[in-house]
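Worksheet for the structure shown next.
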Amino acid sequence: MMYSAKVMEHFASPHNVGEMPDANGVGEVGNQKCGDIMKMYIKVENNVIVDVKFLTFGCGAAIATSSMATDLIKGQPLSEALKLTNKAVVEALDGLPAVKLHCSVLAEQAIKAAIADYYRRQGIDPTPIVGEIEDCEACHCH
Amino acid sequence: MDRFVYLDNSATTKVSERVFEAMVPYLTEHYGNPSSIYGIGREAHAAIDEAREKVAKAINAKSREIYFTGCGTESDNWAIKGAARHLAKKGKKHIITSVFEHHAVLHTCQSLEKEGFEVTYLTVDSEGYVSPSDVENAIREDTALVTIMYANNEIGTIQPIAEIGKICRDKKVLFHTDAVQAIGNVRIDVQAENIDMLSLSGHKIHAPKGVGALYVRQGVVIDNFMDGGAQENNKRGGTENLASIVGLGAAMEEAHNGLEEKAAKLTILRDKLIDNLLKIPHTRLNGGRENRLCTNVNISFEGIEGEGLLLLLDLNGIAGSSGSACTSGSLDPSHVLLAIGLEHGIAHGSLRLSLGRYNTEEDVDYALQVIPQVVERLRAMSPVWQE
Amino acid sequence: MDRFVYLDNSATTKVSERVFEAMVPYLTEHYGNPSSIYGIGREAHAAIDEAREKVAKAINAKSREIYFTGCGTESDNWAIKGAARHLAKKGKKHIITSVFEHHAVLHTCQSLEKEGFEVTYLTVDSEGYVSPSDVENAIREDTALVTIMYANNEIGTIQPIAEIGKICRDKKVLFHTDAVQAIGNVRIDVQAENIDMLSLSGHKIHAPKGVGALYVRQGVVIDNFMDGGAQENNKRGGTENLASIVGLGAAMEEAHNGLEEKAAKLTILRDKLIDNLLKIPHTRLNGGRENRLCTNVNISFEGIEGEGLLLLLDLNGIAGSSGSACTSGSLDPSHVLLAIGLEHGIAHGSLRLSLGRYNTEEDVDYALQVIPQVVERLRAMSPVWQE
Amino acid sequence: MMYSAKVMEHFASPHNVGEMPDANGVGEVGNQKCGDIMKMYIKVENNVIVDVKFLTFGCGAAIATSSMATDLIKGQPLSEALKLTNKAVVEALDGLPAVKLHCSVLAEQAIKAAIADYYRRQGIDPTPIVGEIEDCEACHCH
């Protein structure tokens, strides 16, 4: 199993790591039994994600996808951020080993969960906008 | 990378210089087929006989009780399937093993279940030991075989083999032990310990990968596993893995001769590692300290995941391994760590460091300097960690 | 011994210098376990991938269709037992093979007979060929597998593999071929020839002994043979035989690249040997001349016995082999020679000379100078020889 | 399988090889199906074997045991020659590989057969003196 140079770069020096006390949207997906948990913090101003941070308990791929995904949505309007797919993240990382593809799903989900949380805090029902966030079990624990 | 500290000797070891030197002639000029009648064939045959003698001597067996195989896994497959299928003809279709065996044993037992055998998987205690009385109680009229590993590959616990051997001998049940991790670290005496069959593998003792041996006590009959030519006394077909067998012989001799000194040296290094790693808060040692391989350190760090830990260690020039599921790309973390009662989360954050003959105190000091920093760093980015 | 002429390349070959050079790093500094996550582990893994690619390319297969094994015998055991046991679950319990397969195939089939399989052993004609129509006629509703060797190891006859492959594909029966002797001497295309599984062995093509491979066409499902870890895509447990696998890859590449030139050169040497040995009176060539390995010469000399012949050749620095029972210490001479209709007496007096890449015309000339003298000498002391 | 130096010496330069037209006792044992045939010629004068020759179709061990056996009986009285066992021949050769022990039986038998033939030619029933010569099948083709 080999990670691309890009993955290793993001793993070794991940961007946007940490907590964010003043976030206005927080999403957490995965569970420890499955092996990985991702927590995403966003700060939204005028429907734009002005800042983002993450915490990840998971493998190198999980950490690298978190880092890359946060890079990709930082400064983007929510509508654009919602379009981010795990495929796009994987491509931006120059690919992932097949057994690690599931880890990238988590980042996509964590962003959606954070945005949903943001809408909820604004009193807006996120479901029509964000859609259902599938349970971790469904996404990769097969 | 400036520094390279190899602390994964339970995964595989570096071929020793003496072993390599012993092998080279058989990879160059002495290429005869050991079954051939002419000069270079006879020489090859003699070289294999010599290696067989060395392997036998190291475990107090007779030369004709040693059969060379392609790896430790083949030895396990042969011993277990060979004994089971042979004894099934006599109505014995029950096997006893433990839940924390190596996959070479577990998956073999599972495939025998599909063939109609019944397998009892004994649990182990929280320290990582099989209880001899559990073995005794599990033995039935139709028990063909007991197979319990000599020492566990992940947590290094040395099992009460002599006691289990005695029980099996008394009850007239065949006893096999996978000694792949114990060889070279523990002095083994197949006679005193009543071992009927024993598996070993070259690459754990500074011989190359892809060669192993099976000891089968004289008088014990098992079915063949690899059908073919008349090699290995008609019991294992296939042109002999000449150079690697010569290497295995040399490695067994080296391991056997230097065992006590090596063990004494490594025990000190091991304890230094354990004692200092346990100073990191929210950390536990997996496997008992008492009957433990001199080579094995296995520590769980709460709040972090093993693959990330290994990758960061690698970036610092340290090679180790983990019970993390992420490392293997599978879902469940190590069945061994789960067997001794660890939760999934903490099992994920485990690190195995395994020492070998070539490790020095400097290696240990370097590891002790790097690991706490790396753990701290991963904990800082973990959503499940709070001080 | 002044002169050494190796004419037993079908028994085993000398490791080529390029192969040896390719292996050395993996027996010294690059000792990582291919399953490990850190640098030397990843490098080892990449080296195996590269070797897999080379093996695949040489037979026009895909890389993921190649599985490394411990020897040609293991490949045969796995292919045949794996397919048989898998298809038995679907009620297919019949296997077709030939009477003159290598023991790795024959003994495997015999052991499957004990498990309840039915095996048809096709006869071969007096020239040493299996007839495709015999294969076709033997196929039944419950046939699981046809296994016919690509080229015979004793008499060098190349079987009509493409025709048999076509029949099996049409009849939807799995087709395995033991190509241990053909690899490197015949250009093989598993796709064009409709081969579902193919066994090969390193030490016949200047890689070391104790490494082999099995090609299994994508989509073909067979049971595992060696249960254990997740290596080889979960299909063959055991830490990979790293250095030898790298060697096998290099050897396959070498064999593949130089095949036609080598074959052309050896065909000339082979024919010179055959033509001149047949000048010795009361001598016969075993196996057809037409579809014959460029490496194989197999001649029977009336009135003499093979072991004595080999020993006298050895005293003259020539390495060859024989179908004599005396050589193997068994009672019956070569089952291959009996299969093509030789009497016991004449089968005993057979000599196989097998050429390889490193043989020269001088080697052949020397052999042609020594052999007639040696034959004459043995005939002079033979009670069954009269001019 | 390895032959002793002594075996190789006798194999490479066997003593007493050949036919003997004026032999007064000839014995042949074994058969080609089994793999080895040994023919022993003796010339007996005053109950002493004054000359002996052999022909052998068989392996290195068969040739070497023939050679050694003829050496051992040459110049011996018949009564002594009859006492020669295959064990003694094997010992004189510094041993034989286990799979080759059967070959040495043949030499013992061939000598007995030649002596029996000698007695028969003299009009003496050999059976009480030489005993039954077992069939090759019985002696080593098991």
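Every chain is named by a letter (A, B, C and D) in the order it is written, and numbering of its residues begins at 1.
Rule of thumb we're sticking to: a residue touches a chain if its C-beta (ideal position, glycine included) is under 8 Å from a C-beta of that chain, and two chains touch if they have at least 3 such contacts.
Being a predicted model, the structure only gives us computed values, none of them experimental.
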Problem set entry | Pair exhibiting more inter-chain C-beta contacts, A-C or C-D | C-D
Problem set entry | Counterpart interface for C-D, drawn from B-D, A-C or A-B and sharing over half of its contact pairs | A-B
Exercise. Whole-Å distance, chain A centre to chain D centre, using C-alpha means?
Worked result: 90
Problem set entry | Geometric centre distance via CA averages, chain C-chain A, whole Å | 55
Exercise. From the C-alpha centre of chain A to that of chain B, how far is it in Å?
Worked result: 40
For this session: Hunt down the residues of chain D that sit against at least two other chains at once, touch-wise.
Result: 1
Problem set entry | Where chain B touches two or more other chains, by residue | 37, 307, 311, 327
Problem set entry | Pairwise chain contacts under the document criterion | A-B, A-C, B-C, B-D, C-D
For this session: Over in the complex, which chain B residues touch chain A? Could you list them?
Result: 303-305, 307-308, 311-312, 315, 324-327, 329, 331, 333, 343-345, 348, 380-385
Seminar exercise, completed: chain A residues touching chain C in their complex are 1-2
Seminar exercise, completed: Within their complex, chain D touches chain C through residues 1, 8, 11-12, 14, 17-18, 28, 32-39, 54-60, 62-63, 97, 99-100, 103, 141
Exercise. What does chain C use to touch chain A in their complex?
Worked result: 37, 42, 45-46
Exercise. In the complex of these two chains, what residues of chain B are touching chain C?
Worked result: 1, 6, 8, 11-15, 20, 23, 27-28, 31-33, 35-41, 69-74, 76-77, 102-104, 107-108, 110-111, 201, 203, 208-211, 224-230, 237-245, 307, 310-311, 313-314, 318-321, 327-328, 330
